[in-house]
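A, B, C and D are the chain letters, set down in written order, and residue numbers restart from 1 in every chain.
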Amino acid sequence: MIPKPVFRPPFNMTRASHVVLGVADLARSRAFYVDTIGFVVTAEEPNRLYLRGLEEACHHSLVLEAASHATCRRVGMRVLTDEDLDGAKAYFEAAGLQARWTEVEHQGRTLHTADPAGVPLEICATMETRPRQILVASAFHGGCPQRLDHFQVLTPQVTESLHFYAAMGFRLSEYIAMDGVEEPTAVFLQRKGNPHDIVFARGEGPRLHHAAFVVPETYHLMFVCDQLAENGFGGNVEFGPNRHFAPGFARFVYLRDPDGHRIELFTTHYQTIDSEDEPVRWNVSQLGRGWGARPPESWFSQATAFSGVAMREGSDAPAFGQHLKPR
Amino acid sequence: MIPKPVFRPPFNMTRASHVVLGVADLARSRAFYVDTIGFVVTAEEPNRLYLRGLEEACHHSLVLEAASHATCRRVGMRVLTDEDLDGAKAYFEAAGLQARWTEVEHQGRTLHTADPAGVPLEICATMETRPRQILVASAFHGGCPQRLDHFQVLTPQVTESLHFYAAMGFRLSEYIAMDGVEEPTAVFLQRKGNPHDIVFARGEGPRLHHAAFVVPETYHLMFVCDQLAENGFGGNVEFGPNRHFAPGFARFVYLRDPDGHRIELFTTHYQTIDSEDEPVRWNVSQLGRGWGARPPESWFSQATAFSGVAMREGSDAPAFGQHLKPR
Amino acid sequence: MIPKPVFRPPFNMTRASHVVLGVADLARSRAFYVDTIGFVVTAEEPNRLYLRGLEEACHHSLVLEAASHATCRRVGMRVLTDEDLDGAKAYFEAAGLQARWTEVEHQGRTLHTADPAGVPLEICATMETRPRQILVASAFHGGCPQRLDHFQVLTPQVTESLHFYAAMGFRLSEYIAMDGVEEPTAVFLQRKGNPHDIVFARGEGPRLHHAAFVVPETYHLMFVCDQLAENGFGGNVEFGPNRHFAPGFARFVYLRDPDGHRIELFTTHYQTIDSEDEPVRWNVSQLGRGWGARPPESWFSQATAFSGVAMREGSDAPAFGQHLKPR
Amino acid sequence: MIPKPVFRPPFNMTRASHVVLGVADLARSRAFYVDTIGFVVTAEEPNRLYLRGLEEACHHSLVLEAASHATCRRVGMRVLTDEDLDGAKAYFEAAGLQARWTEVEHQGRTLHTADPAGVPLEICATMETRPRQILVASAFHGGCPQRLDHFQVLTPQVTESLHFYAAMGFRLSEYIAMDGVEEPTAVFLQRKGNPHDIVFARGEGPRLHHAAFVVPETYHLMFVCDQLAENGFGGNVEFGPNRHFAPGFARFVYLRDPDGHRIELFTTHYQTIDSEDEPVRWNVSQLGRGWGARPPESWFSQATAFSGVAMREGSDAPAFGQHLKPR
């Protein structure tokens, strides 16, 4: 059930790259992401806002587009070179998935495809670059977001997703399963050497559960909430600050943006690069070993639909979180 | 309704001093307070554990006594000198409250009395001292509690308490009231120059809502929870980490000890010493301006009874928290 | 040599209040204090800038005045009430020191006098107030200075200063002395319940060594330096971040402003209120127990002269720092 | 002069792995690294101590061996698989460098070789693993070291090293050069996606300048120094806490262990994975843009010799640091 790692993948997908979200009111989203959380504005167009974290040299890791309703348009992944991009196209097509070249502003040659769970992917090897703002103290405000780290997707097709991504060279760092059940309920998959670039958790989907960005210290997890409250977004703090117990150790806070898209801010994660690193299994019964309040019901049930992607049928297995019990 | 400050009080009460809690299992309480939260053990007796914070030179700020059930035996207050202690006795007796000298180990001459709300007070001018541990890095662990800061008491007699303490020289730093109502629902009273030494909030009482201790940084609010979880106390994190909006600005976490006594850990508070500092009024409707989850119901309803003190009748005004609405 | 504490002082001086510095270029000082360190501007006049910390309700704790050369014009102290102000006048005059009423904008009735070391004092009971900015997250930037805490003065008259302030009710929290010598080299004197409102250290004087302001966390000690470097003030970081070992435990950084005035930013200090708290003595030989680099020579020798105050003759005892040895 | 990146390297070297230091007194080194800094002991033998960081699953990242004098015996690097290890052997041999298989306890098949600068390398694909301690709050003490990050080597052969490592697939993240000179003075080379796994700086060598370990927050950089001072190692804090300006943004402190080996503790670094990331060039004249004290002379001149490796002749170019000027 748990696939062997693939150390010589068919092409080199390197990391979670960017996400494109449809939002109802760009000015309101700008107030949330830029004025409050502290994202850097790379470019601003009438219908689109390109944002990045303080340490990012890439043109964008978060793209907000004017839309009639809240939606996730694309999840972006990076490959290392243009040759790897050709390899990606071949890999997806060999799996019976449509893949087509497209042009996306500020990005190099770009592939549009979808993974077996139906997540609309946008894959490129390069972007325009801008100077990192990491030495610019005056650019540090709010939560001081440093960079995009990973995505989490809800899907009834956790196992299919695991196998498809593992064959692309993604390593399984940790996974959660019902006690006594082999099939995982949530899988944490990574290419860049920390626990996750993309996570699949069992639930109605495909839907984007959250995109996660790194912040410098515990202090910023609290301070960004203060800034949110001051700017009228106090109710947008959904869960935390608290800490994860799977995967690994990371202090986090989950926010809902003005359209309901969920953003995780968290501090740094552990490194996992070596071939002998084995996936860590967590039984659902172990997850109560943390502290504090459980996630609210919304954290389990609400997520962002992908544009034009229908909900999928899947196994009858219960959704992630359904068996968690209070501490 | 709001009393004028008394700048020349009849005697000099200086600060919240210590609290004596009855606990069912001293070993279990030691595991919680010492091994997990990081209190310093000043002395350990078969039926009593004397604890203090890392920066405290006084012999104890937290005394745990073996008891058949969870109870608060005494709330300790300090006066500056023995002469002030005589002044205290005279003041309480003039108010028709019984006050008697008693001997308490490790303390100077000690007065036992009760305030108008029925809180059993233990007042002294001096204690034995021990070296502050503030330079001893190896003594810093868990939450690194620095010192006792204040108490919060639930009582139906908020207004009586306010007037009694104000006449002793306590300053009202902030208070909460129902919108359009003059009478306060919660009063924050202080002698030591930060917002509170003792707080009275409307509720069934008298009961001790919590004793609060200062920790160094935001980091410790999260880390102590990690340590609590590791030691089996993950479910004892009742509320937070979060931040207050009244009074002032303080990041906190509320814990329940193994007997259900509530402890607040929080970071530093603002200074308020000057004669022109006016009490800040907060309407209940303003308190939703913070962020994140509301306190759980237990935070409003549960508290520790004082040994041998009956619940009081009071005004029919609703308890604090009853009118707070979700964000 | 070490005076007994005076628990019933002739009047109630409460705390270090404010400092008035002469600066050559107000715009440059504004760039340093406001844009970089993060002070709140209460009022701005053509020749004067009134600043305060984020938590301060008082109109000003730092006043910058246009001047032909760098100077300290006044060190401000607070008494509790106007009656205490009369008491202060009587006390200083009884000691043979001139004291006269003056009018200072934004302050209540104000007394100008000087202490025995020659420090020009400005004493008042009240100031205009402004809302504390402690709940205004968007006002937090740079070092996030919270409030003025204390002053340090260089003087050949340490012992005279100690006795004069002690008789006013100041408590000696800690002091430094040469090994085997009874007379102190530096005395830490306090009224507000933490280790110091004013410090006298042996040296050519009277001169203002520094004014100290509290910042929230260790993080801010580093971050403010980043902001200083970005704004062209990287060379103004004189010493630290490091930590004190006397008095007590406080992490600090010393900055020189554009005129060479020294500012200390530090995190919180311990509480010392009780009558039994004894002064802690440190021998010079013990001070090497800290870590990292020693202060640069400038930290020992350079300080701000007081306007129109001549240097004093004093004992031939060596200046503070002269006998400190490398670690 | 600056080589093009090699995106399809001949084998997959993944990261800095471990370092083997010879120390004169294992008990004293244990007091420094374990009791004070907070490393986890994986195994302890009469003549050898195996240490790792809190988040590390690998058996060791720091090995201390009893030795007659301070020396660095090996710098360890990881490749992904055993097949990559064969590739490494072929690559070093093709470059005319001796490479031989050896057996090292707790490691898989291990290759001993040396790079063109003469650094003795120990390369393996796998190690025994132990549970990460990242969820064990009680294991967090002192500086809470998380994991090994990188090495810095002094050598007169910076350019040769750059080209040799670049051909192995190492990316040049940043480099320092004398103003107007093309040839670099210091090169930051990486495989794992942050700015460095190994750094070469011009100087008498080959010598190990330092090994660097990640700590969680700014707080720990200060706190570990407090713990060092308490344990008698206050003089071992050589430089900092301060922050880097090249490469990137990282807060650090440099320590000297009891044998004089230099350890850097620092907070997290930026991510650099993408093919379009260009090396950042810093002119020596720009490095004064930071803040605070310059490194002491020892930081530039002192380093650890490698066991049995002679000093090399190199270009006559001046050593790194020689042209840095005070701020």
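By definition in this document, contacts are C-beta pairs under 8 Å (C-beta built on N, C-alpha and C of every residue); 3 or more make two chains touch, one makes a residue touch a chain.
What you see is a predicted model, and the numbers here were worked out from it, not measured in a lab.
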Across the interface between the identical copies subunit B and subunit C, with over half of residue numbers shared counting as same and under half as different, the residues used are same
Chain centres computed over CA atoms; the one at greatest distance from subunit A is chain C
Considering A-B alongside B-D, which chain pair is linked by more C-beta pairs in contact?
A-B
Using mean C-alpha positions as chain centres, tell me how far subunit B is from subunit D in Å, no decimals.
50
Subunit B to subunit C, mean C-alpha position gap in Å, rounds to 32
Averaged-CA centre spacing for the pair subunit B and subunit A, given as whole angstrom:
43
Taking each residue of subunit C in turn, which ones touch at least two of the other chains?
135, 217-219, 226, 229, 245
List the residues on subunit D that touch subunit A in their complex, please.
7, 12, 14-15, 55, 57-58, 78, 80-81, 108, 125-127, 129, 132, 134-135, 146-147, 192-193, 216-219, 245, 248-249, 267-268, 270-278
Subunit B residues touching subunit D - in the complex, by the definition given at the top:
135-138, 140-141, 217, 219, 223, 226-227, 229-231
For subunit C, which residues are in contact with subunit D within the complex?
217-219, 221-222, 225-226, 228-229, 233-237, 239-243, 245, 251, 288-293, 296, 326-327
